[in-house]
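Structure incoming, see below.
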């Protein structure tokens, strides 16, 4: 071959990772831009928005591609596979990945807008913060679109490490520091566990590519699959940690409470999306044949998460902590959908989508009430909010009721979906546990509403938040209701998101 | 005319509605007059509608459908117009009219004058609903509505706590009776699939076995005992005297309390199918008659005497209808309506003249002051004592005759009847003498005076009826008998023994008893007070027991009311609030405590978190390896 | 003499990994805990190479590079956070960081 | 027109709520009148429905079905029949009254009106929904407005009461939800596609144990709503704490969701299980009747007394349901409406006196009849309607229930009839203590009688009580066909046979002749 040939770049489906590229490059540019021109916050905001929008556009392009794949006839398939699985089958361009990106970009946008006050407070470090947010977003969406364990690991680390930093980005806050170190130590352990699981899976199956693994697993009869099983177990644990499922949740409350108010919503949501994306890819794509083995395990984790999350959330006096524990419970609810195996994919994604939006919105309200840079948010600071800032009280109520799974909110449709799947898969007992857990959950969501509407106001003044915050909160609430009333479109969008 | 029969009910009802909204504005006496007219009109219509039965012997009744009510159970608003209904209608509207007139005078000056007539009219309408109803449900409706009216009228002077309590008591005790009645209706429905009379009575023989019939009969008896104040449910009637006297006369003497008798007569076929039920009715009646009479002996409140005497007389009627002497029962019902109404109105006139004094110990020598009242009441006293040829004699005698003819237990009942007759004669005479003769024992400042026309005229009219009504059904000429026969053609009506000799003998005995009682009373109570007081002390504890009505109210209170209250409190405050609700809140607390316990694990120390993490990790690994058959 | 199969290496790796995990549990100094994490990662590497060698494909060896890079990245961030804390508290003991709990 | 009417009936209150919400914040005094005025539109629509409703037709009428989300088989599926018609009418009648009765609500009036209208929409929706998913949505959604109404505008312990109300009901709904999920899954397994359409689900073939479990799941949800002893303890708290309008709608309409659900879903979907469960249901119903009444007797608080009386009265409805006879069903259905009217009226009256005296304690009153004759009269009237005085509405329902249940479950009916006595005791005793005697307390002496507005509130209810008492035909004609159909359903799907007089040939005869 000639030198020229060597220089010609390989023809790979860049489009499959275009959004990640945009996010990553965007992050780098923002840092550069910041150093060079010392831009105003508004300009930074604009730049960030630009990056997100660009990524969003590429995602739409991807969506369009995926449609063509899905509608492909058999004879086309062969040459489409190359596009669908670029980079030598390490990346996949399927509805899962696309849906994951949509969700992640939406959450990122909402989260940044809702917590914008934080970045105003961060001063010189604002750009860093934004860059980190974009990077982590890239990492987690990358997880969602990898079919190779090593790629998943990379995405995981890119995302997680950025989050460690974000957790402690407000240096002056000692609690934020505590949150950071806890998150970091436990997180890195979890990552280590995960990658060890990868290694063992590799050792046990001979490949790190989910599709190949699936092939191998389905072909071979394992006499003593211990290594492989331990591998799966460790990967489940690692992801369970990321999505803060019990008993791997202990970091979540501390981090959610300690991390800066403006960003914690994003942190929580992003980690959940990434974690679940990877989890269902691993379990559904690589190990459908072990479903009967890992199903009960996941069910057990789900039940534990729901019960522990709800009951402990009941006795929290800090709204952020309460939301953290309710997050544990929600991880359980989503896992309820996971036990159903491939069939439950769309319901799981739907749940992820609506829940993360609610979560971001809720933390946005918390930030607006208790401060975007501060740690913690005592429930007392919400007393009589309906009299002080009706808008915040109203949106918060909608979001909380949405999380509680009340009908006419997206939360209900999501819960209903996963319950149906679980029941269909024969996990009736899990559904019973789930509905009871959601009754307990009503308690603490309502407790906040009680404080906001039925108790006398405390005198600490809460400013009506700025436009960006208002829009994102309103949007989150609106989505919650609209999807609740008309779930069809999103459901069918998620419906396509079944993995290959 | 029968098509317009609904007017009989509609007129008084209209009167009630009209007076309810405009009565206040009309004021005295116009409101009263309108009320009276509406009843009088209803009487007229009723009379016109009754003519067919009078002119042609044995004319059959017919049922007039007004509109559907509860078709699912064959219960519609329909009027069964037959001779029995006609008699009842005429009694109710007739006596009702007179009492309305009387009330115009009696209620003079009461601030709720118009309201009083509203209630009276409403009562007439309700009572007519009861007797005209063409199915059990409608009868039950009237049954309850008269209860309502009685409640309203007893507690008419509601600012008097005793009056309010009495009204409530009357309604609740009646409800206890209704409970039985209702279950009776359920039984009827389950057996016949309908509550309409014409769907039930003809088919009694083919459908009801004796046991069921007896059961139904006894359940109806419970209801009847409630309305007609029989043992053990009579306790409300004496208290009902808290109401204005015209009310006592109309509702608690002449009409409403006779509903039970009417019910038994109306449902005669059922009682015929279950004769034992009838017998029980008769026995209850006899016991009540004696029991109440004995209490009446020692009462000093002029109205209480009459109240217990009413209870006792109703007992007579129960004997009659229980033994199948339906016509005799209805006959006595009618005569009693006249003379008892007269007695009550008379007592009302006395009370009115004595400035609301009711204690006979504070009366005496009133004959000169209020001659009309005195004489008319005297007539009534003779009538109730069963002195021929007054109405009371004929009807009471017929009942005793029926009892005698029945034989066996009937003889016992006959004896009881006689004793009761004697006692009745005694206490009524006692009353008359205590009130109208002897030296005045009035409180200072009391200026007895004869009552106004509006009150005395009804007295006179009733006196005339009291004298004459008896001839409606003498052994010589059984007018009422023939008049009523068509209504009872489904059953065999019991009669007094045939033959003049038998009649004369029985009559002689009963009249003898009557005279004996009167003589005794006259002998004692025509003389100065201390004499009869010594006479009364002669009876010692017995007399006290009578005066205290055997303390039945206290017994009920101690055995039913207080324990009931206790139970209710237990359930409400201990069991419900503490037990059940405590349990509910307990569950909530339990869940919380789980939370508080669990949250302790969240120590905030990284290594503890690590331990938890690793523990979970090991658990997961082991589970998977084991479940996956890894080893 | 016994032949050393991949199983030996895997077992050794498992032991190393466990030691690392144990270290996390028993030590209080953030730095040392962090070193334990590194130890775990190296156990992972050992597994990779052993497995790769046994399976006879390169994926395993390649994976090691990725892990190393990631580990390095973690070190950067981790040390930064630990240093920041040390500055404030004059100690790197995580036991003093328990204000967030419950 | 016809097929969109039910949708309109549900959406109009929502739109009305939005309109009220958009009223200028500084003109809060507008909210109530506007809301009141708008609440007449549903009334008009329902009125049209009611009088154009075809009597003697068993099936659902004015049905509308629009796919909501295909893949799940959920649809916007509405229809009204004899069983739901009366309840819809009741809701649209009580809401304007409840609003008009709330002039004393000055704090956040706008929100109050909005919540009330949303509540109306939810209630109507749950009565009209023929799709279980849709039903559950409404069934659960009504909790929120009521929760706020109690929690914000209630009295002292409102928060506790509101939470208790919400959690209690949500607990029941949890099982309902699980059961609905199970049903759709079963339908999916048996027919290859999930469906929530009541009529589809009726064709499911369920094993006995399945139908029993599901029956229990539905049953517990509705039993809590009714409420059936021993799940009733949320009710007194909720009632006592709720504002007048809240109590009226809660007792008047919301509780009926439970009795309605039992009739509509438990019997239709799980006939065999229902038949088997009759002894249990009847026992609980009778306990409720007697227990509620006994407990009501000594309640020191008027509202609590009425609340417990509701427990007793609803027991009759449940008993009628368990009777499985024409008369029983008809009684249950019509009693739903009757209880709504009488109890609603009682709560209105209690509210009126509460506004004047700021106490509901019976002991604080006495001799009110002297100072407030009209009030006393209306109270007594309503009390007798509730006691079940023939000629007023209360009687028709209870009597039909008792007669109807006696032919199938005589023992229970006999005991239940005892409740009639107790009803007289607790209400008349309360009346005696509150109204009779002389008004000795000074604060009672200067009480003013009802205003024209307050009388106006009562008039429609009083009229309805008389009309339904003397001419229940207007309702019975419309219910008969549906109740008969329900009975058919139960008979065909099970071995149960309605006892002889329990099933009436002449029911339809009565109707058809009524139509001429």
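Letters A, B, C and D mark the chains as written, and numbering starts fresh at 1 in each.
Quick note on the criterion: contacts are C-beta pairs under 8 Å (C-beta built on N, C-alpha and C of every residue); 3 or more make two chains touch, one makes a residue touch a chain.
Computed from a predicted structure; not experimentally measured.
A summary of chain positions shows that the Cα centroid lying nearest the centre of all protein Cα atoms is that of chain D. Centre-to-centre, using mean CA coordinates, subunit A is 79 Å away from subunit B.
If you average the Cα atoms of subunit A and of subunit C, the two centres end up 26 Å apart. Distance between chain centres (mean CA atoms), subunit B to subunit C: 97 Å. Subunit B and subunit D have Cα centroids lying 36 Å from one another. Residue positions 181-182, 185, 189, 193, 253-254, 316, 443 of subunit A are each in touch with at least two other chains. Counting partner chains per residue, subunit D has residues 167 touching two or more of them. Among the residues of subunit B, those touching two or more other chains are numbered 599, 602, 604, 606, 610. By the definition of touch given earlier, these chain pairs are in contact: A-B, A-C, A-D, B-C, B-D. The touching residues of subunit D, when paired with subunit B in their complex, are 164, 167-168, 230, 232-234, 291, 294-295, 297-299, 326-327, 330, 367, 369-370, 384, 389-391, 395-396, 399-400, 402-404, 406-407, 410, 413-414, 417-418, 420-421, 424-425, 428-429, 431-432, 435-438, 470-473, 476, 480, 499-501, 504, 506-507, 510-511, 514. Listing the residues of subunit A that touch subunit D in their complex gives 401, 406-408, 412, 416-417, 419-420, 423-424, 428, 431-432, 435-436, 438-439, 442-443, 446, 450, 453-455, 487-488, 491-492, 495.
If you check the complex, the residues on subunit A that touch subunit B are 181-182, 185-186, 189-190, 193, 224-226, 228-230, 232-234, 236-237, 240-241, 246-248, 250-251, 253-254, 290, 293-294, 296-297, 300-301, 308, 311-316, 440, 443. Residue ranges of subunit B in contact with subunit D, taken from their complex: 67-74, 77, 137, 140-145, 148, 151, 155, 158-159, 161, 163-165, 168, 171-172, 175-176, 178-179, 182-183, 185-187, 189-195, 564-565, 567-569, 571-573, 576, 580-581, 584, 588. Every residue of subunit B that touches subunit A in the complex is listed here, in rising order: 591-592, 594-596, 598-599, 601-602, 604, 606, 608-610, 612-613, 615-617, 619-621, 623-625, 627-631.
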